[in-house]
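What follows is chain A paired twice: with chain B in the first complex and chain C in the second.
And then the complex of A and B:
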């Protein structure tokens, strides 16, 4: 009986934090889903309809979804690929590494928009990167990296901005690996690469997966970085959703796009948790 | 001669050389990776309005304070600064108050569904910002919170809560039960336990959580953009307005620096508290 009482108390104490989050996010999901079916309409009549879902058949929607998926995948892979060697480098403390450690954390405290702006200065048509490449005779004409049709500029900004964030997560999982395992591998004749690929990568897999998932969702739902450095067409899915709602006043169609974004994000998180179970066993 | 040096000494030397080389290379990359973008922004913010800095010039011909003067005189940046830095403390305080009981329970107690709640806490980070912003804006309109200061504080609190709860609950979790038991055995009252055990042990985590909530609020864009503009402008939304169709690089540089410098100063001030890598400890697991 007493146990029931304390458990109830625990749930009660969850209300201010978890309750608030659950309230707002649940409201978001309910409002978005309902509106996508024509319900809860503030202007006009509310009636169940499937007609707004016609937007998914539009080529523009498909292009936006594909663009955002592409950005999510490339940004998550790119950031982890850059961050992992850096995390390995920082695993063993050493002279000067503390200073470097705080230097590398700077982008974490640089707001995404500022990061976008900083990088835009570098990669613009006559920016430093192009000038240096031309000066070294590596390219003949400046490369178009800003607002390029593929979106490499956006990927680069995402990597720059989120490197320290991923680095923190990876460092934590690398710190959990015992030196004995590494030493044993070395004793048995494993080289630098073999240790990195056969010891560090598998043992840090949970950290790698978490950082990839968080990066994917950040880059997939991105609005401001696309707005600054993205290609002219297609807009990112968040950008299209915002434009559909506020410029064209098609809130119902925007809600459909919102549902697509939510479902994708949730699907990716679900897939991650299955993958994590598969990789890490039961935790 | 070389052959007389034992193998393990030569190996150690070679390894030392490799580490030195790697460190040197790394420092160089770091300077370019972090330093160059910031240097460019600083240079651009001092480009005089009368003498442009364009393609063949390696450095601006004339440096001046023109952009700074212009931005502070003719734009809303002062008001945006005031708005940004007044929302943040409220959002931090509110998210702290809301997360305290929740973090305590999540950190120290066991009950069914705990894993589920731990994931729910992360939802504001997982949910794409623009979706949350657009649907909340409709809800906020219905309860008349749209375009209000309170509405923005609530929105920023929501975005800061995940970091605050996760970091705080991790610090609650790391308090050894032995210490609490010992204090109880020695007759410590609840007040003494809070003052001498919980508070000092949770304090670093609390500071880390506050820093994350603070920076989250300062850089929050999606919700502010949808719920706050045009009545309220924060530094991110003002910067965004400089980056769109009327892109003025010099002015944007000033705003970017104004937005970035306090954050970087904060980073170096609080390095000590981030050492324990609270973010990774709290977000590393889902």
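And then the complex of A and C:
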């Protein structure tokens, strides 16, 4: 028995949760990094080499990384931009708040792949949106919103799918802002926009940053949504990693791509913590 | 600066009438306190003045401007909140400059104003601190500086001292009063603390159940309560119901459960047979001297020596009263004591409408 009352039993209780997570994360990361240098090779020959890292010099890899970065940035910004006004509405309350709150959570319960197929029905070449726009004579020919070269279809689905999740985080952040603080700002002459930009946004900044980082990592590492709605080229980094391993049987090169994903995620987390310190979002 | 006129203000929240047909005039530069228990409508009235509540009926005027449909950010009021409501992500300087920035004041002018405000509240040197790095008293001073720096037409205080300890409360209330006098800003102050109201106000409005019970300067409110609610709410009071026995000019004789009492009624509107309430303060009861009116034979239930006074809980004809005599009174529990009440110290309570 330790002085603080912690016993071996307490540590044992952590094993199924924290222990398993740490074990799998640590072993996966270590094996992936090692394999990118030719160690623990799945193909049998294990020897240190940098040759697999040549994959990062390939244009296709750079394009995939840039595409995934683009998706990560746009999806994270897009989701927060859409979710923030909704979270503000729910904070202030209004008629039908409960029903709207339930409706907006629907995407939370839909798996990403199913969500992608649902949205495909809407934005495909002969989907609902194009048919309605043509029916209203707003466009002459269908717009290419799905598998478009830029990836807008993927961004749209990412925003739709993750809106309720981000909404939960932002709502919690906004709920922590005291009404008196908002009233004080209005009392001192701040209009709606000034209150939003000078009070709500900075005070909810920690929630905004958390939302953005989680959204970035989800969209950066996206596999299923790209698979359904992404452009033909370039594939997302996850998709390329999967193809490199299973189609081209280049497991060691795939490990390099895996390391790129891990390092990018770690960099984003580091950048977030620095940004959070700089912004000093809350007290 | 501006005078304030409220005409027949009513504000409901669903079925609850928070403010009920309230009318009030506050001259320019006056320090007026809305005093009452929780739920009496004082904060709702204050928030209606600030523009946070839209009146259901009635009008709010700042000078000759009808404010009913003017949003809070266009009213040029400044409020000090109970919670201070400082912006936690801004330092002291940015908190104080917020209102000036909203008014798009030139930076140089802002600097001058902020320095003046900081000096007025004695917070020079703390400009770069965040609210979380300040004590409660310092935070309330920042809130005060933030309010006065905009030179508002009307200053509003919503129980600003409630979160401070007793000593600091007295200190900050003196500072608030001095500053208000110096600046001459019309001020509306909400509190449930009667001592605070008496100490700080030019005039006090006592509210109960959304209505005004009594309005007057602290002296008249304390010494001449007009309703049982006011007598009971402000200070300590012995309150009884009685019946007028006779009248002799200004002097009334009233039969009460503790015996007949003689008192002064300058209004002369009460006739023999009328039912009235009477009240007097514990400190108005004195050891009886031969010839003094309103002799009361009492039994001491228990006495508490308070330093400057002796607080007596007494029984008179089965009724419990309170008396506060000077600190030379030495009695033991169960002693018999003779006291009297000056007839001018007894207030007549007319029922509230």
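Keep this in mind: the second predicted complex is superposed on the first by the 262 of 283 C-alpha atoms of A that agree within 3 Å, B and C clash if a C-alpha of one lies under 4 Å from a C-alpha of the other, contacts with A are read in each partner's own complex, and residues count from 1 in each chain.
Simple rule for what comes next: a residue touches a chain if its C-beta (ideal position, glycine included) is under 8 Å from a C-beta of that chain, and two chains touch if they have at least 3 such contacts.
Worth saying up front: this structure is predicted, and the values here are computed from it rather than measured.
Set against each other, chain B and chain C differ in how many residues of chain A they touch, and the higher count belongs to B. By the document's definition of touching, of the two partners only chain C reaches A:202; chain B does not. In the superposed pair of complexes, A:22 makes contact with chain B only, with no contact to chain C. No residue of chain A is contacted both by chain B in one complex and by chain C in the other. Contacts from chain B toward chain A in the complex involve residues 19, 22-23, 26-27, 30, 33-34, 36-38, 40-41, 44, 54-55, 97-106, 109, 111-112, 117, 120-121, 123-132, 134-136, 138-139, 141-142, 157-158, 161-162, 165, 215, 218-219, 221-222, 226, 235-236, 239-240, 243-244, 249, 252-253, 256, 259-260, 263-264, 266-268, 271, 274, 277, 279-281, 283-286. If you check the complex, the residues on chain A that touch chain C are 178, 180-181, 183-191, 194, 198-199, 202-203, 205, 280-283. Against chain B, the residues of chain A that register as touching in their complex are 7, 10-11, 13-18, 20-22, 24-25, 27-28, 31-32, 35, 42, 86, 89, 94-97, 100, 102-114, 116-119, 121-122, 126, 128, 160, 165, 168-169, 171-173, 206-207, 210, 213-214, 217, 220-221, 223-224, 227-228, 238-239, 241-242, 245-246, 251, 254-255, 258, 261-262, 265-266, 269, 272-273, 276. Touching chain A in their complex are the following residues of chain C: 50-52, 71-79, 81-83, 85-89, 98-99, 102-103, 130-132, 146, 150, 156.
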